[in-house]
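Below, subunit A partners subunit B and then partners subunit C, in two separate complexes.
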Partner chain A sequence: MKYFKLMALCGVLLVSFTQAQAQANAIDKYFSQYVDDERFTVVYVSSKMFQLFDRLDVGGLDMDEEESKIVKNIAKDLRGLRILSADEDGLALYKEAKSKISTQEYEVLMTVRTNDGENVDFLIKDNDNIIEELLLLVGGEDDEFALLSFVGRLDLNSIVKLANSMEEDKKKE
Partner chain B sequence: MKLHTLLVFAISTLLLASCNSTKTLDNFYEKHKKEEGVTNFKLPGWLVWIGTGMAYHSIRDREVRMALKMAKKVKTMQFFTTEGDYEVSRAEIDALVGNLKEESFDELLYVKEEGTQVNVMVRDTDTKLKNILLLVEEEGEFTFISMKSRLKYKDLSEYISYYVNDFMGNKPVKKKDKEDKPRA
Partner chain C sequence: MDYKQINGLLERYFEGQTSLEEEQQLQQYFAQAVIDERLQQFAPLFQFFEVEQTAALDEQFDARLLEAIEEQAKVVPMRSTGRRVILRWLSRAAAIVLIFAAAWWVYDTQQPLEQTGIDWSKYEVTDPQLAFALTQKALKGASAQIKKGSDMAQSEVKYISTMTEILK
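Moving on to the complex of A and B:
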């Protein structure tokens, strides 16, 4: 009976892992599907680029040492930025991308629909206080489409710290 | 006189041979360089150093001087471009990028827009960028610029800070002049 329970638990874990993998692949597949499509503009900024920020010590950004440390901490955990945009079939592409996003995995932060038929969806995939992916989806009747995916580990506590520090600086001024 | 000419030739050949780079790039370069429609050259480090050094001392513009200061950190440079009927296939470019990744090159940035594809790749250590590579494919024409550098992150920080300060309208931080030191 003990072994049966253990096996059942392993089964459940395996299924959840496979589902998570499948979801990650859905967005990945969407990018792969259109990466060679001439209609699309594709931008990919790798994790290496973000790691470089960690090694740089850029002055003049109006940040104190503490802020600079937090920003570097945030940047070093980013794994990449992918942008896919097109100037045609905006609504169809928006609907297709949206159909691939699982509502179990992603939480909607904000949705905007303008009176000229443009849709903007801002979604996140998170785990406790860590945001694993920020997804921005834009598309509508004016034919413009954009999908922006920020992948990495965005620690909400770090972001709050940074915001507080900047707020304090403002007050001092 | 003959010996002198031979010596100059031997040294130049050695310096050029020491130019750059990686096995993958070298193989690619060797394979295509003699084809019609291919323009290519290698600049040895000493030439880059002398060229940028001379320009640095004769130019007063601060921005250009800053750029030249960075250019002095380039050890060697390799340029390759195709035009006309000669085409490097997409599959070959993909293989080149793949092999470079196996040689510890990291992709920094990839942009594709209307038939133009740009890849920026680097190979680095903890303190400096060893190789910087720019690959551009545009309407059947393929170009790569490969630089072997001794660009330290410290230099890069200084360079970026300069432009950030310039953009934000901050005054550049000047190093203390000798005059600032108290005189005995």
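Moving on to the complex of A and C:
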């Protein structure tokens, strides 16, 4: 009986920890020291804010209507946006960040390295094919570093749609 | 004692109502050489009691008993030296390994959580318009990068296919 109780306790602990872990995002997990670092600019948009977007009148901002519609649509399912950016040591930070992220938890969606020395990585954490977090890691020789974490149910298709709508805008101009 | 008396005692005996003295009387009667024929059938019973009651443990009994117990105690571990002991130890080892694995797992997953003392509210954007602009910018950036990546992949594929076309 003693062993059973012990096992049950362990089980409960494990479950509670995995649940707690599911709440965390990559920045909390791997980059907490960056947040307090003076070199970085930190931005956080909460899920409450995303819910406000629906009622937000963006007429005052110079924005394409089609675009803001797509953005609102994506933001509806977002639970948090965290941005870390820096204007120095772009490449070093990029390499450091990349080595920190557990490849077991995050799957590489896309890695791009352009010939002007810019690296872009897309990493996703998914659960049953639903994307829970999208990480965008940018860093290169031009000393810019950015780490974006989108937490929430993301639809890659609508993100691509956004790119297409931007493309069309350019053509119009 | 005559037949009637004994018979009466016997009846009460089987009903469980005889006193110790009366039982003594019965035993004495059946210990005699001459027993009434009609009572012959009960003789072995009381004779047996008589024998059993006089039976005593001899002096060596304790020693023999202890010896026997000791011998058995020796035999028990001998018997279980085989598979059983291995199995028992294996299960213990497995339990320990399990507990350690669980502890390690908990420790491992707890580690990053301990660092999450980030007060995000410090960095929270409270102006909806600004938040929207930022989100849009972030999404557009991400979107543009995806597009760039896939475009690059596409042009690479085109390049490779034209190369193979030429080389044909």
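Assume the second predicted complex is superposed on the first by the 100 of 173 C-alpha atoms of A that agree within 3 Å, B and C clash if a C-alpha of one lies under 4 Å from a C-alpha of the other, contacts with A are read in each partner's own complex, and residues count from 1 in each chain.
Definition applied: a contact is a pair of C-beta atoms (placed from the backbone, for glycine too) under 8 Å apart; a residue touches a chain by one contact, two chains touch by 3 or more.
Values in this document were obtained by computation on a predicted structure and should not be read as measured data.
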| item | value |
| --- | --- |
| Which of subunit B and subunit C A:56 touches, first, second, both or neither | both |
| Partner, of subunit C and subunit B, that touches more residues belonging to subunit A | C |
| Partner chain in contact with A:92 - subunit B first, subunit C second, else both or neither | neither |
| Touched partner set for A:45, first subunit B, second subunit C, both or neither | both |
| Contacts of A:108 with subunit B and subunit C, given as first, second, both or neither | neither |
| First, second, both or neither for A:35, with subunit B first and subunit C second | both |
| Overlapping contact positions on subunit A, where the subunit C interface meets the subunit B interface | 35, 42-46, 49, 52, 56, 58, 60-61 |
| Subunit A residues within the subunit B interface of the complex | 35, 38, 40-46, 48-49, 52, 55-62 |
| Of subunit B, residues touching subunit A in the complex | 106-115, 122, 126, 153-154, 156-157, 160-161, 164-165, 168, 170, 173 |
| Interface residues, subunit A side, partner subunit C - complex | 3, 6-7, 10, 13-14, 17-18, 20-21, 24, 27-30, 32-33, 35, 42-46, 49-50, 52-53, 56, 58, 60-61, 63, 67-68, 71, 74-75, 78, 81-83, 110, 112, 114, 120, 122, 134, 136, 138, 146, 148, 150, 156, 159-160, 162-164, 166-167 |
| Complex contact set, residues of subunit C against subunit A | 95, 98-99, 102-103, 105-106, 109-110, 112-113, 115-118, 120-125, 128-129, 131-136, 138-150, 152 |
